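One chain, chain A, appears in both complexes that follow, with chain B as partner in the first and chain C in the second.
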Partner chain A sequence: MNSTSTQFVPSRRMGLCEPMPQVGMWNDYKENNCMHASQPVILEVDSRFDNQSEDTSHGTVGPSNKYDQEENKPVDKVMRRLAQNREAARKCRLRKKAYVQQLENSKLRLMQLEQELERARHQGSYIGGGLDTGQLGYSGTTNPGIATFEMEYGHWVEEQNKKIADLRNALYSDIGDVELGIFVDGGMRHYFDLFAMKATAARADVFYLMSGTWKTSAEHFLSWIGGFRPSELLKVLMPHLEPLTEQRRLELSNLRQSCQQAEDALSQGLEKLHQILSETVADGQLGEGNYLPQISAAMEKLEAMVRFVGQADHLRQETLLQISRNLTTRQTARGLLALGEYFQRLRALSSLWASRPRGSA
Partner chain B sequence: MQKALSYRDWLSTTTTTGGATNPPMENSSTSDNDTAVVKKLVTENAVVVFARRGCCMCHVVKLLLHGHGVNPTIFDVDEQNEAAVMNELSKINTAGEGSAATEAKFPAVFVGGKLLGGLEEIMGAHISGELVPRLREAGALWL
Partner chain C sequence: MEKVRKLTSEKGVMIFSKSTCCLCYAVHMLFQELRIKPYVHEIDHDPDGKEIEKALSRMGCSGPLPAVFIGGELVGSTNEVMSLHLSGSLVQLLKPYQNLS
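== the complex of A and B ==
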């Protein structure tokens, strides 16, 4: 990551921090970092003062004693400048934080991609969306619907990473609620797109979808009927939606309970299907070699599986919608960001787990 | 909450209550008999669920309604009667709402004489909080 860079254009040292510096070695950036934004700004504004050494403690605005030497008339102006300066420095630090996070995510993503390439080179298998499980030519080669889904899902994840980064930047910047709402809508719709993709894939091969091979291992471990558990999602989100009024908190708490009830009902229904399927297949004489009637009866039952996956995704969609109905745009944005990053972390965890050195002490 | 059917009702219909399913006697009856029964069920009961026998989706609907303290009347639909019953249900729905006939799916849930929908609609109403008021309105809830 540090191998290539372009030098910072020197003039940038003097200006306020750029919103999102495109390139530059991390080290370069550090030296010119926003912590010293205060000094350059003062310099710009009043060149009378000498360059403060870059060792000056972080975050301090210029020493006030120098200002006493000036006439008292512009003191107000100066105080205002200082305040603006502090604000600018603060914003710059936030942007820097966002930028760092973006870099680290990209670094993880790069690691994942490199591993994938390694694996693909060795096995010559189809590169799909589940980065660490290695499809090894799964039904992707025999079922075009699944091959399509794997490819589309890979794109979906990439697009999701971009959307999360954009949402993060939008939240840290000063854009108004209307603009922020556009990011929020985009984020929600992206999840709904995934549900639509899954519905199509379920018709192609519902077992594949339920097996979770298309997801990373940690995601699959924590999943419920092919995706996230809505009540769990609410638990993850709620701390990041604060501050909440008591009423809102109660509403969200009730929503969580409703989700749990719905999840339990669906789970039990699925259990029943499990039983019925088993009974259907085991029906009649086992051992006679003629089982066509049982198999065709079972085929009908399997159709219900497709509906179950659909109902689970529908529940997820309704939950997301209901959450957004109860919150402000900004709160929903924060919720979406938290959710997005939660899954990014799970994906990163899966990657690292898959690549950990085996047999080490 | 146990929804009690009067003895007269029990005689005149061949349906089940309390979520337990009996083999329906309408196996041998004509579809005319069915449609009359269907209409009567919808108008006389606060909550009715029409579902194919052994349908797991129906099981889910039942559980959700039980969770709200509602004991729905369940009508098991036989394969041969499916089309006829579905037809009748769609007619009831149209008559009630005066809107274009919507093809209902099984399981079909009627609350207060009106078609609420299938599992999807019940889930949606459950999550959005609209289910409880509608149940209350239809007199299915006592609290």
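== the complex of A and C ==
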């Protein structure tokens, strides 16, 4: 018989019939499993066992033939106490786990709040015009359009968190599809609101929008032309839309492929724009100190960037619409919830990363 | 405009483009990915370019270039092409013209 983990169970079964091997096993257990989590249990047992004067405990409990019927009573009590201890220890562990979980959640929430506060502080200085620095990642001059966007985006994220919580409650409650549909519509429209905000901001400063510094670091790392990559979004969502009919699964798979093709096409177009921009700026004589014609020409090219950002957001919007067209209300709700939580995790990851302890700074 | 009508009815899949327009290039790349070789007419290299642009907006092409025609019918600009592609309809429209040079 091996002596790992909860081996008291089989011993209990055997207990009344074969007390002797049982005793031996307890000893083995104690000796071989000092690091076992239920060590406190063993210790308790030992101390109790040692105090039982009617037992064979002349200090140690070695293999002996002294056990007979009347020894079974204290054995019973001990077994019961062992079981109670086990249960108590288990409950204690569960409570501790729940407590730690709660602490960690609170910690993440705190970090998120701190980040939002930081953002708001920066906005304050941004609007005040006191900072003319590109190092902060904002546009070098005070740009009211961008300041507005920053503020609105902060509100958008807060609103998004509320919407996700509401959607989660709605999904796990008993409400019907019509009511659930209201939450779904609200969720979709919220994303479309963001795209509209971005379009306005792109006209104010497309570089700022493309740079993605207004997003958290993890979101930024995973972004494509100023936002999420539609095909990647589908990959994240698909498992949460099950169960799907074969036809639906095929439709979604085709949608994903179409997204990838569209993304590739836009990426290639943007690549070409990079080349053209570089060539335009480098045109003519470099070194003569007169470059107004070149940068004037380049200004036109920058206008094209605004169209690209707009096109990428249009692709995102179309993807969301196309997903919802192919699915039931409940499926779309689950998809929106999964998507919302995915971005929340990325934001939380960014907070955690930003606050990780560094070495000697 | 006669020129536009002639071109669009002759060429199965065609894109009115500008050589400097990168979104036009993107749409061209998409068609190539779908194994289509569209006829691309660069209107900045066409002396009648301005006329063509006016004609296109009269025909209902709301946005800037590119303007895409399939089988003589105006499909639209980048937005319309992308929407059609995501809904799966673009491939259906292009089927007759795939793999033809």
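Here is the rule we go by: the second predicted complex is superposed on the first by the 224 of 361 C-alpha atoms of A that agree within 3 Å, B and C clash if a C-alpha of one lies under 4 Å from a C-alpha of the other, contacts with A are read in each partner's own complex, and residues count from 1 in each chain.
Definition applied: contacts are C-beta pairs under 8 Å (C-beta built on N, C-alpha and C of every residue); 3 or more make two chains touch, one makes a residue touch a chain.
Since this is a predicted model, take the numbers as computed values, not measurements.
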Partners on chain A (chain B, chain C) - clash or fit: clash
Partner chain in contact with A:255 - chain B first, chain C second, else both or neither: both
Touching partner for A:272 - first (chain B), second (chain C), both, neither: both
Touching partner for A:92 - first (chain B), second (chain C), both, neither: neither
Contacts of A:322 with chain B and chain C, given as first, second, both or neither: both
Residues of chain A at both interfaces, chain B in one complex, chain C in the other: 254-255, 258-259, 261-262, 264-266, 268-270, 272-273, 276, 304, 307-308, 311, 314-315, 318-319, 322
Residue ranges of chain A in contact with chain C within the complex: 251, 254-255, 258-259, 261-262, 264-266, 268-270, 272-273, 276, 301, 304, 307-308, 311, 314-315, 318-319, 322
Chain A-facing residues of chain B, complex: 54-57, 59-61, 63-64, 67, 119-120, 123-124, 126-129
Residue numbers on chain C that touch chain A, as the complex places them: 20-23, 25-27, 29-30, 33-34, 64, 78-79, 82-83, 85-88
Complex interface listing, chain A residues touching chain B: 254-255, 258-259, 261-262, 264-266, 268-270, 272-273, 276, 304, 307-308, 311, 314-315, 318-319, 322, 325
